[in-house]
Every structure is written in C-alpha cells, then in structure tokens.
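What follows is a pair of complexes built around subunit A, which joins subunit B in one and subunit C in the other.
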Partner chain A sequence: MEIIIQQLLNAAQLGAVYSLIALGYTMVYGVLRLINFAHGDIFMVGAFIGFMLATTLNMPLVLMMPLTMLLTALVGVAIERVAYRKLRDAQRVSLVITALGVGIFLENFVRIVVGPQTRQLPAQLPDSVLKFGSGLIITEDKIWIILISLALMIILWLFVQKTLMGTAMRAVADNSEVIPLMGINLNRVIAVTFAIGSALAAAGGVFYGQAYSIDPYMGIDLGWKAFIAAVIGGIGSIEGAVLGSFMLAGVEVFTVAYLSSNLKNGIAFGLLILLLLIWPSGIMGKPLLKKV
Partner chain B sequence: MSSSKNKHSQALLAKLAAASSSWGIRSVAFLVCIALLQIAGDFDLINQYYLHILTIIGMNIILVASLNLVNGYLGEFALGHAGFMAVGAYAAAVIATKVGPPGAMTFVLALIGATLAAALIGYLIGLITFKTVGDYLAIVTLGFNMIIVNAIQNMDYLGGPRGFGGIPKTTSLIIVALCLVITYTILRNLVFSGHGRRWISIRENVIAAELMGINIYKAKNMAFTIAAAFAGLAGGLWAQYQQFITPKSFDYIKTTDLLVMLYLGGTGSLSGSILGVVFYMILMEILRNVLAMIDPRLAELRMLISPLILVIVMLTRQSGLLGNREWRWLKPRKEDSTDEYSS
Partner chain C sequence: MRKLGFLLLALVLLTFAVSGCGSSNELKIGVSAPLTGDISALGQSTKNAALLAQEEINAAGGIKIGDKSYPVKFIIEDDENKPESTATVFQKLINQDKVLAIIGSQSSKCSNAGAPIAESAKIPQISPWSTNPNVTKDRSYVFRACFIDPFQGKVVASFAKDKLKAKTAAVLYDVASDYNKGIAEVFRDEFIKAGGQIVAFETYMTKDTDFSAQLTKIKGTNPDMLFLPNYFNEVPLQVQQAQKLGLTAKIVGSDGWDNPELLKMGGPAMEGTYFTNHYSPDSDRPASKDFIAKYQKKYNMMPDAAAALTYDAAYLLFQAIEKAGKVDPAAIRDAIATTKDFSGVTGDITYNGSGDPVKGSVIIKIENGKFVFDSAVNP
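And then the complex of A and B:
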C-alpha cells in the first residue's frame, strides 16, 4: 500500500512536468494549428537557463524561477517572430519542418555553449523527509513540485477563461480567419500564446532539473512524451493536456515499477495508438470535420 | 513459321528497346561510372573516404525517395520511416549471420528478406495507421517507430540494446548503386503510372479523389507498404555495410534526418530526393572539413549551420530546393509535354 502511494506520487510529479510542457503544445496548436516540434527544446532551454541562474548567480528559487520563465518566454516569442510568423499562411508542413529545424538548432546551440554533459540543478526546494504511519516516506520537494505546478495550471485556466486576452485566444483557436476582422490583434494573441507556453515549459524544466537531471537532448524525449500526452487528451484542449499527462505518467511509472523499465516507451506508445483508435481526436478533443 | 515468330519477337524487342532506351542506357552508363570509381578506389587512385560518402549518399537516396512516396506524393506526414529501416536491417543481419554461409547468395537473400520483412510490417502498420489522418497519423507513425525500436531492444536474440554485431561486410558502392537504379526504376514507373496519379489526386483533394472512385484506404496503404519495403532494402544494405547495428540508431533522430533531406530537396519529385540528399550530405562534409581546417574547435558549429540552412530554405523556398519539378531525364518521354501536373 505504501509503495503504491509512493508510486502514485512519483507519477503525479512526472505528470506535473509533462502537463507543464503539454500545455504549451496544446495552446500553440489551438491558435496556429501547428505541432511546435521545437517546444520540447524550449523546455530544455528553460531548464538550462534555470541551471545557469542557480549556479553562476546563486539565485534562490523564488527569484530564479520567475526570471527563468520570463527569459524563456522571450526565447519562445523570438522564435515565433523570426521563424514562424512568415510561414503562417504557407503550407503547414513547411511550418512543421521549420519547427524541427529550430529544435535541432536549440539542442546543438546549448550543447556547444554549455557542453554535452548531464547536469543537475542545485536542490533548492525544501527536501526534508516526511514519514507517515507505517513506513510511508515522502520527500517534501515532490509535494512542492506537484503543488506549484497545479497552481500554475489553475492560474492558466483562470487566465484563459476570465481575461480579455484569454477570450481572444479561445476565439482565435475557434476561427483564426474571422477573428482578426473583429479588431483582435492576431500577432499579439499568438505572441502571448508562445510566451505563456514557453514560460510554463521553463517551469517544467526547472522542476525536472530538481527531480531528475538535465542534458541538451532531453527535450526530444520529454517533448515527444508531453506531446503524446496532449494528443491523448485531445490536442487543443487545456483540460485534455493535463489529463493526458497524468495518465501517461501513471502508465510509465507503474510500468517501470511492476514490469520492466525497458518496456516503458513501447507501452506508452502502444497505449497512445490504442487510445487514438478509440477516440480519433483524443479524449477531450473536438472531432475533426471535413468540409467539401 | 519460325521466321514469322522471329519477326514478332524482333518487333517486340524493338518496342521494348524504344520504350526503355533512354532510361536503360542512362542506368547502365551510371553503373559503369560507379564501377569505374570503385575500381579506381581499389587501386587507390581515389580516396576511399569519397567512396564511403558516395555509398552513404546512395543508401540515403533510397530512404528519402521511398519516404517521398508517402510524404510527398501521398501528401501525408509520416514520421516513422527509420522504423522500417530497422526492420530491414535486423532481418538482413539475422539472415546474413544465422541462415546461410557468407557469400553472394546469402547477401541477395538477406536483401530480399529485408525488403519483404519491412514490407510486411509496413502493410500491417498501414492497416492501423490509415484509420487516422493529419497530425494524428504523424503521431501514430512516430509511435510505431518507437515501438519497433523498443521491441528490438527487448529481444535478446537480436542483441537487445547492446546491438547486433559480426555482420559480414558485403555491401559495396557498386551494389548500392545497383539497388539505387532498381529503386528508381520501380519508383519512377510507379509515380508516373495510374498509382502515382491516384496518390497525387489524394494529396490534392481527398474528397474529389474519392468521388472519382479511388479506394483511398487501399491506395494509401499501397504507397506506405512500398515505401516501407524500400526502407527495408536500404536498412539491409546499411546493416551489411556498417557490420554493427544498434536499435538506437533507428529512432526518431534518424527519421528527422531523412525528413530534413526530403523537405530540403522538395517533396513530390524524385529528382528532389536526389538533390536534397546530395546537397545536404556534401554540404555537411565540406563544412566538417573546412571548419576543422580553420580550427578544430569550430567543427561543432556544423551542427548549428545545418538546422539554420533548413530554416532558411523553408523561409525562402517553401517547396524545397526543387519544388515538385522533375529533372527531364527522370521523366518518361511522353510526360515531357506536360511539364507540371500540379499547381
């Protein structure tokens, strides 16, 4: 029983990180209909910005995390401005390939600047060990990671549902052709979307660096996983992204715990394909309508 | 009686010669050139390094051109090509080491086995994949790529994650060239036939294609199976060239490489696949050598320049270097008058 609770917490921690990345995928997909293949690498860049701030400037977490989020948001907005904006009306596949190129660029850039080694962010979250009842042991940082992530998700949800800009985002996601005619600045909405998505990914990167370790190529693997989570939940849907992330993390953690760590990816992807065959547009996604 | 039969067969031969003359002659001329290069290499007249690059280029062209069937002609966005290469590579490795004695027969058998195994897996995966479209199809194919790699990692018989070694080196430049010619002959005949036109019509407008009576599911699956078969062939060549293969080398990073070369050259054009691979590979080698000459520490910059080139090509020429035009010598003669078949 204690082991199961511990594994559930592990899954929740991993799910929180996946969610923070998956939200960026799903939001960008909502407004641009683009699978932003560079998003996993933005997550990695966020982790490394956090690493630099924490190690070279010795910043405490309360300062480091908002600053990392801000800087990564700028990176995301810059990428959209330089590489994606011109291709917005082009064939979608050109945009996807450009995103792939941007991703490879970011990986190699970090690799050259920081080096290919695996690193660890200095542990800055309170990490005292809590003991409950008969042998249930929980490290405090796990709780913090889950709680802060959930708080960020709730803030995002409130932003999207309650503010004017959030309404504009939902409107653009609904119809990006008519909405600019209503006086909504499409460029600004898209820039804000990239900024928020990148900032959340950066938060995920900092947490991931606290819990696990970071290297320049981690964005590929984690990015794909988070993307799959977004697809399982129904890409374009915020609630779906969170749901899919926790589901995927649960499957992975319990596969590693009870079957074999070698089967992790195979089972995760098998589940993805199975779910897509049952719900072709994800659990919470809107079905794709084709008009003649 | 016999003279009339003779006449008949002569006429048939003449017809065949006329139909295939230019393509056949060019293929033979190409093979002779490559054979001369190979011989020159054997006598140390040419640096073996150049022949190595040419061999890799040849295998990559087979991979990219076959990926082009699905991503270019059919207009889908499949992300799992390296998985089929893995199937072919491992099938060839098993046949070459565990089935027959080393030799020409086993080599040919390994290549055929690699092609058929990949085609079979491709067909089965296609049955599921084409229930989905668009972005979801991209993810499902990517998922199958990961599953194939993961499955191989879990098979002790295939060496698991440590890889499969001890494969005899039987692939050479001339054999790659021969396979390339066979691939291109088949692909060219396919894309300029009814099948090719069916795929293009699905790409241009799937609903209109369906209304014209095309069985979409079947046509898509056919393109996918053929693409997988050639990826398997290239994998078989690859395994017997590298002599050592690991599952990791067939994951999505390899697929991404192929996509970069495909979209760089231009989709929907067999010429584009050649141009994309040759341009990318040679550029990378030049950059590697030039940067290393300036300063060994700069050699890493190559990895920054290649994605930048991709982004710049996409921003300035969205349809790749060649668009979907075709070099004249790759087109069947009767296609010459109708230069563009799509807008």
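And then the complex of A and C:
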C-alpha cells in the first residue's frame, strides 16, 4: 500500500512538470495553430535562468521563481516577435521549421554560455522527511512542487475564463481572422499567450531542476513528452493538456512499477497511438471542422 | 538580397575547401573525446590529459624515429558521447587528417562505433576508458588501456559478498548504453554464483532524470545493497532520489563514477558509497603521484581515471611509435601488441595477444567529500 501511494506521488510530481510544459504547447497551438517546437527549449532556458539567479545572486525561491517566470516570458515574447510574427501568414511548414531552428539555437546558446555539464538547482524548497505508517516516506519538496503547479494551473484557468484578455484568447482560438474586425489587437493577444506559456514552462523548469537535474539538451526529450501529453489530451485544450500530462506520467510510472522498466516508453507511446485511434483529436480536443 | 545569399554561400563553401589544406612533418594522432554532451566533464579531462602529454613529449624534442625526431600533434575531435558522431569523427580523422593512430573514445558505446572503422582502415586505436569486452573482440587494431567489465563485475560481486556482507542486491542501470548494461549483467551473474540473490534488476534510458518509480520499486524489495553501474552525471541524482525515498541499502558503483563532478553534484548524499576504479588518487605509486602533481599544477583540479588512462594511452603510443622505428600504422600496431610491463599511471600494462591488458582494480570509498582508497584487487 505504501508503495502504491509513493508511486502515485512520483507520478503526480512528474505529471505536474509535464503539465506546466504541455500548457504552453496547447495555448500557442490554440491561438496560432502552430506547434511551437522551440517550447521544450524555452522550458530549458527557464530552468537555466532560475539556476543562474539561484546560484550567482543567491536569490531565495520566493523571489527567484517569479523573476525567472518574468524573464522567460520575455524570452518567449521576443522569440515570437523576431522569429514567428513575420511568418504568420507564410506556409505553416516554414513556421514549424523556424521553431525547430529556434530550439536548436537556444540549446547551443545555453551550452556555450553556461557549459554543457549536468547541474542541479540548489534545493530551496523545504525538504524535511515526513514518515507515515510503516514505510511511507515523503519529502516535503514533492508536495510543494505538486501544490504550486496545481495552483498555477488554476490561476491560468481563471485567467482564461474570467478576464477580458482570456476571453480574447479564446476568441482568437475560435477564429483568428475576424478578431481584428472586433477591435482586438491580435498581436497583443498572441504576445500574451507566448508570455504565459513561457512563464509556466519556466516554473516547470525550476521545479524540474529542484527535483531532478538540468542540462542544455533537457528540453528535447521533455518537450516531446509534454507535446505528446498535449496531443493525447487534445491539443488546443487547456484541461486536456493537464489531463494528458498526468495520464502520461501515470502510465510511465506504473509501467515501471508493475510491468517492467524496459517497457516504459514502449507502453506509454503504444497507449498514445491507441488513444488517438479512439479519439483522433485527443480526449478533450474539438474535432476539426473543415469549412466548405 | 538573393545575390547576397549566393555570395555568402559561395564564401562558406570556399572556406571549407581551403581549411582542408596544410601539412608538415608532425606525427598526427587523433583523439576522439566527448567534449560536449552528457559526460562533457570527462571529455574535458581527456583533452587536458592529451594536451599535457603532447606538451611534455614535444618539450622533450618529440618522438625519435631512427635518427630523426618528430613533434607530436594531437587532433582532438568532439564525439558528443554519441555513437553516430564517433563514427563521423573516426572517418574524419582517418580520411581527412590522415592520423597515424587514434586515442578514444571514452564510453564503450562510442568506442564500439569507432572500432570497425579503425579496424578496416588498419589504423591502431587505443581506448583509454572503454571497459566493455566487445570493443576489442575479434579486432587486431583495437586496444584499450583499462581492465574489462567481466573483471570489474567480479570485483564488485565479491566485494559485496565478503566486505559488505550483502545477501540481496538490486541493480539500476541504463539499458541503452553498452557499458552500463554489460557490467550490470556480469555483476548479476557473479553475485548469484557467489550465493547472493538479485531482488530487483531495473533499467532506465540515457538522459532520464526521474528514477523514482524504479527506486520505489527497489525499495519495496528491501535489498542489502544497490548497484549503480552508471556514469557520474546520473549517479548523484539516483543516489539522492534513493535517499529521499528512504532507501537504506549500501550503494556501490563502477568506474563510470570517477569524475570530480560526482562529488560536486552529489555532495553529502555520496558519503559512504563505494565504487571500483582504475587507480586511486591517493596511491603512493610514483608514476601516479608524478602525474597527479603535474595535472594539478597545469589545470588546478584533480584528474579523473579517464584522464590518467588517456595519459597512459598516449605514452603507450609514443613508446610504440619509437619502437616501431617507422611512420607506419601496421608497424605501430605490432609494437603496441608486444608491449611488456609498460609502467603507467594506472598500473603496469602488458598485452598478451589480445587488445585487453592484464590489470588490477581498486575500490574507492567516498569519505568526507573525497575519494579514499579502500582496497585493491588483482586478477
């Protein structure tokens, strides 16, 4: 029993990090119909900004985390402004290739500036050990990572549902062509979307660096995982991205726990194919309606 | 705009065409090292050791062949610790740079990717640090400067049984890497042969950073010891996560642990763990002491075993070239294969017909943030 609870918490922590990345994929897809392949690397940049702030400036987490999110949001907005905006009306494939290029640029930029070694963020979350019953041991940082991530997701949901900007984002997602006719500044909506997506990825990066480790290439694999989670959930859907992330993490952890660690990726991705056969647009995605 | 683009393209092509030229009477030796990528810290120490050896030999006038001395030039290329990049590096070194011999690569999966290329081009290759047996198997031009995993696995198994009194053991290893997989399997077989029981044999994939699911499962089997035959960039995370999950087993590792990064990343979590190694930094062997002092003076840090082995491989090669008496890869290969009692930093090296030297190993304990000699095992 203790082992099951422990595995559930392992899955929840991993799922929380996947969610924070997957949200950026899904939001950008929502407003731009672009799969932003640089997003995994924005997550990595966020982790390294957090690392720099925590190590060189000795900043405590309460300061470091918001500042990291802010700075990474600026990076995201800058990327959109410099690399994507001009191509918005070009063929979709040009935009996707540009995104891949931006990702490779970010990886190499960070590798040259900070070096290629694997690093860890200094442990800044409280990490006292909590013991329950006969063998359940939980470190406090795990709980904090899960709770803060959930809080960020709730704030995002409220923002999208209740504010004017959130409504504008949903409207752009619905139909971006008529939006300028309604007096909404499309560029601004897109910039805000990139800012929020990047800020959440940065939060994920900081947590990831606390729980695991960071290196300049970490965004590749994790980016793919989070992207896949967003697709399972239904790309474009915020709730779907979160659901898909926790599902993917759950399947990964429990495959290791009860089947075999050798089969982890095989089963996780096999399941993805199966799910997509049942729900081609993802679990919570809207089926694509072609206009005649 | 378009014209400018074409002009730029032409310029780039021209640069490539020109940069291939240049020649002299230097002896060119290729080095394939993971300068970037996941074990880049080890690539740096490889480069450091190679440059130290190059500087020394050239200060001494170079290598004497007949009545003429030739300076040595190492051409150090980055293989990113990826097999496919290593193959490219080997091809480049052999076909483009026309090297006499190659030192490298470090991880077994990379050396294994380079070896068929060196073998078919008949260019001698010495891998300093690749311990997987397949690297030199059925190859006459491929050598290594270190012991092999079947020996290392045996050493760990008997250490676990006799010294740690472990009856049950769990293993967590990278299934996508030749080195980790090879030694994990040898250890499993040897530990069972010695009367022990393997209660968990868990895997992960290179670049994974979350091992908590596997470690939670291992914790459920309550083993006496946990064997982590993995590289230094991943081990600290595994040890930290194991401790956070409340795993109390004794933790033992293999020679992939030896790099200062292990202590930097792992910190206090690494205290009281053990690993097998090629040599001990606090050894009183004169050649070791001498090397450590020179390396520390030049680079202001402790060398890892990969650096020591690279240095040994370099001098092994220098000696062989001098012995061969001519600038000819086949003659150099024969000279390496007949090396007897070469006194290296990491021990005496003798080749008995195969590319694998007969060498002993040491067990290191991590104590007060330092690698401390625990015991020595000879074959």
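To be clear about the criterion, the second predicted complex is superposed on the first by the 291 of 292 C-alpha atoms of A that agree within 3 Å, B and C clash if a C-alpha of one lies under 4 Å from a C-alpha of the other, contacts with A are read in each partner's own complex, and residues count from 1 in each chain.
The definition used in the following text is that a contact is a pair of C-beta atoms (placed from the backbone, for glycine too) under 8 Å apart; a residue touches a chain by one contact, two chains touch by 3 or more.
Just so we're clear, the structure is a prediction, and the values are computed from it rather than from any experiment.
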Of the two partner chains, subunit B (first) and subunit C (second), which one does A:V102 touch, if any: first, second, both, or neither? first
Let me test your reading of the model: by the given contact rule, A:Q6 touches which partner, first (subunit B), second (subunit C), both or neither? second
Looking at the overlay, does A:I273 come into contact with subunit B only (first), subunit C only (second), both, or neither? first
Identify the partner contact of A:M65: answer first if only subunit B is touched, second if only subunit C is, both if each is, neither if none is. neither
A:M44 in the overlay: touching subunit B, subunit C, both, or neither? Say first, second, both or neither. neither
A:N262 in the overlay: touching subunit B, subunit C, both, or neither? Say first, second, both or neither. both
Subunit B versus subunit C as contact partner of A:V231, first or second or both or neither: first
Taking the superposition on A as described, I'd like to know which of subunit B and subunit C A:I179 touches: first, second, both or neither. neither
On the A-aligned overlay, A:R111 touches which partner chain: subunit B = first, subunit C = second, or both, or neither? both
On subunit A, which stretch or stretches are contacted by subunit B in one complex as well as by subunit C in the other? 111, 260, 262, 265
Of all residues in subunit A, which touch subunit C in the complex? 3, 6-7, 10-11, 13-14, 111, 115-120, 127, 129, 131, 135, 137, 139, 208, 211-213, 215, 217-218, 221, 252-254, 256-257, 260-262, 264-265
Residues on subunit B engaged by subunit A in the complex (per definition of touch): 77, 128, 131-136, 138-140, 142-144, 146-147, 149-151, 153-154, 161, 207, 252-253, 256, 259-260, 263, 267, 300-301, 303-304, 306-308, 310-311, 314-315, 318-319
In their complex, what parts of subunit C are in touch with subunit A? 36-38, 40-41, 175, 202-205, 207, 209-210, 212-214, 216-217, 219-220, 233-234, 236-237, 244-246, 261, 265
Subunit B touches which residues of subunit A in the complex? 29, 35, 83, 86-87, 90-91, 93-94, 96-98, 100-105, 108-109, 111-112, 220, 224, 227-228, 231, 235, 260, 262-263, 265-266, 269-270, 272-273, 276-277, 280-281, 288, 290, 292
